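Both complexes shown next keep subunit A, but they swap its partner, so subunit B is in the first and subunit C is in the second.
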Partner chain A sequence: MFPNLNLPGLQLPDLPLAFPMGGMDIAFYVVAAVMLFTAICTVAVKNILQSAVFLIFSFVATAILYLLLHAEFIALAQVMVYVGGVVIFVVFTILLTSHLGEDAFATKIPRVFAAFALSIAFVLVMVKCILPTPELASGAVSSPENYSGLEPIAMRLLGYGPDGFIIPFEVVSILLLMTLICAITVARKSKDEVEKEKAVQQ
Partner chain B sequence: MSEYIILSIFLFLGAFIAAAATVVGLLLGYRTKNTKNKMAPYECGMETIGNARIQFKVGYYLFALLFLVFDIEALFLFPVMMNFREIMAGHTALSPVIVIADLAIFMAILVSGLAYAWKKGILKWE
Partner chain C sequence: MFVPSITNPVGDFVREMVPRLAEYLPASIQSDTLNSIVAFLVNALICVIAVCAVNIGSAPILIYMERKVCAHVQCRLGPMRLGWHGTIQTIADVLKMLFKEVYAPSGADKLMFYLAPLIVLIAPFIVCALIPFGRDLVVADVSMGIPLIIAVNGFGVLGILLGGWSSNNKYSLLGALRSGAQMISYEISFTMILLFVVMISGSTNLMSITLGQEGTISDWWIFKIPVLGIIAFILFFISSTAEMNRAPFDIAEAEQELTGGYHTEYNGTPFAMFYLAEYIALVTNSALATTCFLGGFLPPCIGVAFVDNYLNMVPGVVWFFAKVFFMIWCYMMVRWTFVRPRVDQLMDFEWKFLLPVNLVLLIAGAAYIVVCG
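So, the complex of A and B:
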């Protein structure tokens, strides 16, 4: 196996870095560059609404990365849930909160350094986790043909055999129901509050 | 994979046309100085009053929450619907009756959530 990642003499395993690169490699690097750029813009931009818009682009680029990995269902989830739902939700929350979008945040320098240190530490941990798996690091992991396409996923999702996920599929709906009820309970005005408001108005 | 190449061509063309429209406008357009009047937000010729950013009603938040839940539901139903016809025709290993029952349970649980929201008066706009 590979030697552990020592910081001073960073030893990389012999990865099959293929130059000249194929079309998929170029696509990966382009998409990854777009993703990194928009992700940096998300945290660097002063206006919080603009950073939400950059977040959309970052999520879309992530979805394209998933597509490049042949993970269709996750790409679909990324676009539908994160781009279509979560970011919209973030925007709603910004707009619901009065005055939040108006003032630029004054970021203190020590915080910037702390954020940098944290993210670099995170990257190191990720690299250390990924490198000992040579198949993963070299991108040579391959699932069976069309394993993660939409249709095979559906067959496994509904399957009641030994490789089926029908129980998790049904449990998802219960989880969603719980989310719905909790959200309603938290966000809705209670009867007392409504009556109080009416009393105030009168 | 070929459908994704078509998709990426569309993505590229969409971005290209949007960028080209802006750039061509910049290149060909007649430029004047940016005065304060020119840069003012246009509001049907009226003078703008106050800030454009107002606080939204909390009601929108609940609708967004409802949307998110049913968005995820649609996400899970989408792959199933992609080969629903094949399952119904019996070309797969799954029995059509069991699949229908599964989907019915899935939907029933979520629709009961919608019914709860309805009963609590969330859907009524105040």
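So, the complex of A and C:
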């Protein structure tokens, strides 16, 4: 972000200046460090509620990463969906767990070991897949200005043209409507129950 | 380099002064890039201080105002002893609260207990940074203002839930769960009204929403769309009252039932932060109502050139705060006039009345735009 930071009289060692001095790079490393820290806390903390809170901050850090890539709407959607979702999760955790706040979990060593082995294998696969990408060395490629702003995204989501997504969009809305109706049907009282309640009240 | 889209006299002054001051530095570390970075950082610092000043400075004023409004509604005088008409009373109370000892109840989840007040403060501060206080007075003129407001509103619920749960007190937990249910429900209508505003103004940027209402008083969104504007304004008023947990929708606190709700166990500074968040939310919601419906910082012109000239002479900030304080006065009058509904009545009202009305309003607004716009 600060190109050609030429400070005469200040002898810097022979480093690729654009890399460590770029403001975007510094921001990326800070945000990535926060994200990793909160992600580790999410799995390491014993209490479910605390891990939910760390999960939220990890999601927020991800949203900031999206912002750094100029994907504003995705970032806001990330915060909107996940903060709301985790809040609901917190409500259900409080409602459904009886021993919340006590250190109830004690994982056994073999399980910890298996988890470590699995995650290390996963990391290895990811590194193997990502490393050959040629753009990796030159930093993340951010989308052009206003490419993923609200208007372009809306125009494409509701567009009829060859790059429009109107049909998937409408199908998703039908799916959501179905889940809503299903939830209401499951939660609704049957006629017998209503009559019983009325009898009790009288 | 970062170039702010809205130029502002203060920012220009800083950008002008930094190179002049930098001339006193040794020549070896002078550069234009460095100057612009320093000017940018100084401007950012000024923005942060301005947001904090508006937020924290408005709280004592609002507390004083709430006491006076409440007292006069109940035919009392309110605080009268300290200072002129009790003006120093709130400052004394704030000082008392800040110097209290801070402690958590035994068995409380310490981390969550002290984190909750901080989380509650996130949303009001971010929203305050987005609001245009004048033609060139806005901290963050982002293109997606309204989605950002909707996104950060979720933090308020989270903070209240965490505070209620981590206090290890059954009244706090009950209050927190009630408020969680209430705020999640009313967030839907709140969001839908903002969507209505976005639809009729055609923009999600708060500055262009304001500038779209330029002209006379009949160009404000509340009057521009014949009946729908007033209905939308009333719905916004109701759902934002519920969103802020203010009476008559204060079932989260409900001091007669729950001894204070989610902040029963808080004292000293953490309690002050919950209190502060409540009052900043009052300011930001009034400011949102002003921006979205009442023309923001635009003067209430009436179309007569002679009067309008005088009205235009008053700076926009004054009009903005006049409208904001009028809205706050309305919220306070509602608070001290109506009685609190029961929990189930509140939920019925949202899901069986407000939400359908909102949906109809959205469709009617779209029809209006298609037919008349």
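Just so we're on the same page, the second predicted complex is superposed on the first by the 140 of 202 C-alpha atoms of A that agree within 3 Å, B and C clash if a C-alpha of one lies under 4 Å from a C-alpha of the other, contacts with A are read in each partner's own complex, and residues count from 1 in each chain.
Heads up, the rule we're going with is that a residue touches a chain if its C-beta (ideal position, glycine included) is under 8 Å from a C-beta of that chain, and two chains touch if they have at least 3 such contacts.
As the structure is a prediction and not an experimental result, all values here were calculated from the model.
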Touched partner set for A:T179, first subunit B, second subunit C, both or neither: first
Contacts of A:C129 with subunit B and subunit C, given as first, second, both or neither: neither
Touched subunit A residues, subunit B compared with subunit C: B
Which of subunit B and subunit C A:E170 touches, first, second, both or neither: first
Which superposed partner A:V30 touches (first subunit B, second subunit C, both, neither): neither
Which superposed partner A:L157 touches (first subunit B, second subunit C, both, neither): first
Which superposed partner A:V53 touches (first subunit B, second subunit C, both, neither): second
Which superposed partner A:F73 touches (first subunit B, second subunit C, both, neither): both
Touching partner for A:A121 - first (subunit B), second (subunit C), both, neither: neither
First, second, both or neither for A:V86, with subunit B first and subunit C second: both
Subunit A positions touched by subunit B in one structure and by subunit C in the second: 73, 76-77, 80, 84, 86, 88, 95, 101, 150
Subunit B residues within the subunit A interface of the complex: 4, 8, 51, 53, 55-56, 58, 60-62, 64-69, 71-76, 78-80, 82-83, 87, 92-94, 98-99, 102, 105-107, 109-110, 112-114, 116-117, 120, 122
Parts of subunit C lying in touch with subunit A, wherever the complex brings them together: 1, 28-29, 31, 33-34, 37, 107, 109, 111-112, 115, 142-144, 147-148, 150-152, 154-155, 157-158, 161-162, 165-166, 168, 173, 177, 180-181, 184, 204
Residue numbers on subunit A that touch subunit C, as the complex places them: 1-2, 4-10, 47, 49-50, 53, 56, 72-73, 76-77, 79-80, 83-84, 86-88, 90-91, 94-95, 100-101, 149-150
Of subunit A, residues touching subunit B in the complex: 27, 64, 67, 73, 76-77, 80-81, 84-86, 88-89, 92-93, 95-98, 101-102, 150-151, 153-155, 157-161, 166, 169-170, 172-174, 176-177, 179-181, 183-184, 187-188
